[in-house]
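One structure, as structure tokens, below. Some questions next.
The chains carry the letters A, B, C and D, assigned in the order they are written, with residues numbered from 1 in each.
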Amino acid sequence: MSSNSFGKLFTVTTFGESHGPAIGCVIDGCPPGLAISEEEFRQDLDRRATGKSRHTSQRREADDVEILSGMYEGKTTGTPIALLIRNTDQRSKDYGDIASTFRPGHADYTYWQKYGIRDPRGGGRSSARETTMRVAAAVVAKKWLAERHGVRVRGYLAQLGSLAPSDFDWNAVEQNPFFWPCAEQVPELEKAMDALRKSGDSVGARVSVVAEGVPPGWGEPIYGKLDGDLASALMSINAVKGVEIGDGFAAVSQHGSEHRDEMRLDGFTSNHAGGILGGISTGQAVVASIALKPTSSILIPGRSVNLAGEPVDVVTKGRHDPCVGIRATPIAEAMMALVLMDHALRHRAQCGDVGIVAPRIP
Amino acid sequence: MSSNSFGKLFTVTTFGESHGPAIGCVIDGCPPGLAISEEEFRQDLDRRATGKSRHTSQRREADDVEILSGMYEGKTTGTPIALLIRNTDQRSKDYGDIASTFRPGHADYTYWQKYGIRDPRGGGRSSARETTMRVAAAVVAKKWLAERHGVRVRGYLAQLGSLAPSDFDWNAVEQNPFFWPCAEQVPELEKAMDALRKSGDSVGARVSVVAEGVPPGWGEPIYGKLDGDLASALMSINAVKGVEIGDGFAAVSQHGSEHRDEMRLDGFTSNHAGGILGGISTGQAVVASIALKPTSSILIPGRSVNLAGEPVDVVTKGRHDPCVGIRATPIAEAMMALVLMDHALRHRAQCGDVGIVAPRIP
Amino acid sequence: MSSNSFGKLFTVTTFGESHGPAIGCVIDGCPPGLAISEEEFRQDLDRRATGKSRHTSQRREADDVEILSGMYEGKTTGTPIALLIRNTDQRSKDYGDIASTFRPGHADYTYWQKYGIRDPRGGGRSSARETTMRVAAAVVAKKWLAERHGVRVRGYLAQLGSLAPSDFDWNAVEQNPFFWPCAEQVPELEKAMDALRKSGDSVGARVSVVAEGVPPGWGEPIYGKLDGDLASALMSINAVKGVEIGDGFAAVSQHGSEHRDEMRLDGFTSNHAGGILGGISTGQAVVASIALKPTSSILIPGRSVNLAGEPVDVVTKGRHDPCVGIRATPIAEAMMALVLMDHALRHRAQCGDVGIVAPRIP
Amino acid sequence: MSSNSFGKLFTVTTFGESHGPAIGCVIDGCPPGLAISEEEFRQDLDRRATGKSRHTSQRREADDVEILSGMYEGKTTGTPIALLIRNTDQRSKDYGDIASTFRPGHADYTYWQKYGIRDPRGGGRSSARETTMRVAAAVVAKKWLAERHGVRVRGYLAQLGSLAPSDFDWNAVEQNPFFWPCAEQVPELEKAMDALRKSGDSVGARVSVVAEGVPPGWGEPIYGKLDGDLASALMSINAVKGVEIGDGFAAVSQHGSEHRDEMRLDGFTSNHAGGILGGISTGQAVVASIALKPTSSILIPGRSVNLAGEPVDVVTKGRHDPCVGIRATPIAEAMMALVLMDHALRHRAQCGDVGIVAPRIP
């Protein structure tokens, strides 16, 4: 499979650069007959939109999705669905002065080493702009998963720098610009963000995603495990440096008698495994978390080199986004949804539509 | 691609159950002309072998690899290399009494829910026995990477339960059965393991892998990123619940001014990124870590249910391995090597054998 | 790989319906640094264009390609190249009256059986309109193959109904609207076409494609053979019912002493094999031919059924194209080029950029 | 996907050389719960066996299949099924004297140009011996297709050199060593074969395969068409130079009014299309034919060159098989079955187990 395509049976191919004419995607393998409107795309894209609050990057994009193919009279036809978003806010001059330098912590140097060509326009293909199309494609996946299996995928910001939620409420998550699960702490977060903005620095973040309603049996041994596919899907999000399933790294210091999730007739007694055993879903909530590094696009000068091989100091001008992790919540949800969708189809390919009728723990 | 195959251009397909007649693999896409002997497989398999010390599972297998195809006069021919290992120590009776129960924390329940069939022989396909073939296949990858690019892949145990290395020395790693980088602590580890064995419980572990000599430019945006592929490769190892690249989850509480690796004419000043930016190698060491959960195969009874839908208590008899993470070091190295090999070939497909001749930071 | 994607390393994904808003493609895996202009696309698309002469369908399309991504300052960057063509001549009313019937010999019935949804707009995804994007994508492949390896791909109409060329001249091919290799026969062809148009009927055609300059060694055993991949590529063209490599079906009645191509120090003495042995190129010209069925879109009424399950008579109104095979020549060239491009990259992945330095027959 | 693997969801990976220690395959993606015995493999392998009659190559192999994995208590478990056959009749000395020459019409020269390595043992990987594993893998596919969908795949020899069947009877096919559909002509065929053997020459053949019971809707547009996949599957068989679906090349000189298969309420009135329209099955019998070249392994000397770059005359000693096409019948059936199996699973992945409930023409 090509490296700009994601998924085996529900395949999403994305294209486009941050400051080129457009970004887009082609969704291949969607079952026919799914009703979906352009309005549904708009809602999720707005949620991801960078201009949502003063705490995220100031780029303001219309992000109007045009459906180019694969639908007829409001329903999917089974043929590829192409989505297109024109880049209206290109402002490539913002980036012009760094065309000849390599920004520390960015993909400038590695793309140049790989391809021998430097597309300085806003990070080109390595920009988080590309993730817009993942969110768009996931609208289709989420709708099918909800209608067909009652699956619901939700995420939240689980840490901002060293701040952790002091309480947890799903209802709070959608009511603040941080996707933070504790309403009381929001003023504290705003203060922390303002301080960062003032200092010109940035912090990392932790985002968690939870999928409820996933039936047991999704996931394929050995190299198509549900957790393996989640790991690559989530690691492919910009700035992600770590992925956990269930308890993740906390499991290192746990004991077996503590970690194993016991089973009773009325269900599992805990979910340390994050809903996956042996790469296959257990029927519990599928839980994953990611670590996002602090962005390197900061106002504090950093030492680097330029194309001429000279030492330089680099300062990122233009937009400054002290915590890119905030924006990652809808993207992480999208990747979880795309992985689940793909495995739903893979499962029914091998095991049939109704699946195996085995007694289940509720 | 099928779910029991790994890699796009250097493709490894494994087969076999823990207590079936044999396990094996087919390696497809190996360049022709690489000299390799059965002895080289034996060395790496011995290193992984479960009977290596009293601290790992007591299963003792010869693990003699038979090369079935793909070689002529000691060299690879370019056609698929099939490797076969007969299972000599089958002892399936050990597992017989748990054929009708689901062991908590194991893949019993999920395999049964997926396939409707229970193969109780030693965990069947979900057993860590399968990883033997990954280590075997990686022998080929490691040799080619070393000869062609001078790449060296090494791993070590970075945490055992709550014990962390107090010092670091690569030379120590191969001289103790724990792959532990600090010789002085080895007695302490042995004591901890003995205590665990006595209590019938288990602990988790953390393993780190480092690849030196990887040139800049390996890895493909967007869904074939080097870190994305490492994440799924490492997450596919039995018992792994988390993957980190470079600083991993520590990046959550770091500042951008601290995390970004500055560049000087004589090289990068740090390696928080773990040798990967934008999914492409920087030329620094590629560094990854994994979290392994404590095994659920313990002597302390756990509550579960059986096939008849009745509540039962489960105790894992037979072999008891208080920390499966110890065995994971050679397997993690193997997966890193397989990913790098695949990307080496993918890189030269798109960018040519010599690659791009761009000035590099040393 | 998704079913709307073609190629393993040089991957082309197409989307779009005949009478939807647009058609397009995403080319993934193109080496960086290849110079290419929108004008180069236009030339090849004009050559394919349906409105080229009165002997092909009267649809007149602008077919202006917009390059949406993957290029910077006129050169490929190594990231996905997206191409878009708006459908300007939609005239879907032409097809409106057949929305509820199944045209004999068309994909109406099979798409409906597969997807349960009928997109009556001009054949939807099954229209030959989709092949426009194959020709566009092949512009990139042909340029790289020519620059890098001196490969040249050319095709011609080798039979029109029962008419066969009486002489062969490559120069004639581009100078008549039939891609016919014998200039003298062109008036005869025009007469045959006029007669067909008058009768409201259609005929089949045979198209041959030749690639010169392909080095020995391209193609992969066993299921990635060069001829195997050519076969599926060519069979995927609308209306194709047969594929031959070299002598093809003529080989059935040949003797081994006649068919085998002997080798002399100054080269092969013949090319019955069509430049491929064991699935790998020999260094001779790669030769393939295809059979195209007579289109079912004719003015003579045909018996069919409708969505209501009633017997009906169907007449295709609107455009009438008595021999769709004529248009297939540039498309067959395109598919040959795409297959060769993919195998060029696959070959250098496994065997390196310079390949094996073995003495060659000239 | 690797080039020694076939199929997207029902994936068969083969390995092994003609005169190496063994040949084998790994079948990945088989649905669980299918009962199958080693005896069932033996039947089909005997049918293919080269020693079946004096009219095919004299190699006599036991071809006992060992099932290494993927089954438990006689049923498939859903995990990969590995099959192994030891090469007992290696006689590599037969081929020893041609180790340094290139046989005209063989893959010797192309493998050497590709890999720079010459494995002279009986053609190595390019030997038809590899097809044994296709027949073995197809046993699984055929059984599932029959049980689940009532699909039956049968083939016959449709031409031997210039001899064509004068009558057609499926019952005759299995009762003569040629798979010939007309019992009366068998003595004539034997005479023709004896004459060929005496002359030391060979002829080509034509084989046809028919699948009955395929439901409408299998096959995926655009690059995963059922006919496209059949074309590459059949072209990948040794010595095949052409593939036809339905009327194939005969369609070139047909008229549209003759070729299109009209539909009536009681069914199609003809099957020129060979059961496929727009790449998707119509519900009629799927019909394909292949052209097999006359083998180049003949007793008549042919001019060639050797590794030293000198002109030589080559005679193939050892076994002489005047028409390799005869053996191709079971192999062509196997490839048809593998393609159908893969598409059955692909179809239910996208469109569900029950598929679309649309009124069908019987």
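Keep this in mind: a residue touches a chain if its C-beta (ideal position, glycine included) is under 8 Å from a C-beta of that chain, and two chains touch if they have at least 3 such contacts.
Chain-to-protein mapping (UniProt): A, B, C, D = Chorismate synthase.
What you see is a predicted model, and the numbers here were worked out from it, not measured in a lab.
**Q** Using only Cα atoms to place each chain's centre, name the chain farthest from chain B (Chorismate synthase).
**A** In terms of C-alpha centroids, the chain at the greatest distance from chain B (Chorismate synthase) is C.
**Q** In steps of 5 degrees, what rotation angle do you get fitting chain A (Chorismate synthase) onto chain B (Chorismate synthase) on the CA atoms?
**A** Value: 180 degrees, nearest 5.
**Q** How big is the gap, in whole Å, between where the Cα atoms of chain A (Chorismate synthase) centre and where those of chain B (Chorismate synthase) centre?
**A** So the centre of chain A (Chorismate synthase) lies 26 Å away from the centre of chain B (Chorismate synthase).
**Q** Please report how many Å separate the Cα centroid of chain B (Chorismate synthase) from that of chain D (Chorismate synthase), as a whole number.
**A** Averaging C-alpha atoms per chain gives centres 39 Å apart.
**Q** Distance between chain B (Chorismate synthase) and chain C (Chorismate synthase) based on Cα centroids, please, to the nearest Å.
**A** Taking the mean C-alpha position of each chain, the two centres sit 45 Å apart.
**Q** Enumerate the residues of chain A (Chorismate synthase) that touch no fewer than two other chains.
**A** Chain A (Chorismate synthase), residues with two or more chain partners: 1-5, 9, 14, 29, 32, 78-79, 114-116, 125, 221, 346, 351, 356.
**Q** For the complex, give me every residue of chain B (Chorismate synthase) touching chain D (Chorismate synthase).
**A** 1-5, 9, 11, 13-17, 20-24, 26, 28-29, 32-33, 66-70, 72, 75, 77-82, 84, 114-117, 119, 121, 124-125
**Q** Mind listing the chain D (Chorismate synthase) positions that touch chain C (Chorismate synthase) in their complex?
**A** 1-6, 8, 14, 102, 104-107, 109-116, 125-126, 130, 159, 161-162, 201-206, 216-225, 227-236, 241-265, 269, 272-274, 276-283, 291-298, 300, 302-305, 309-311, 325, 346-347, 351, 356-361
**Q** Going by the contact rule set out above, which residues of chain A (Chorismate synthase) touch chain D (Chorismate synthase) in the complex?
**A** So the residues of chain A (Chorismate synthase) in touch with chain D (Chorismate synthase) come to 9, 29-32, 78-79, 221, 345-346, 348-354, 356.
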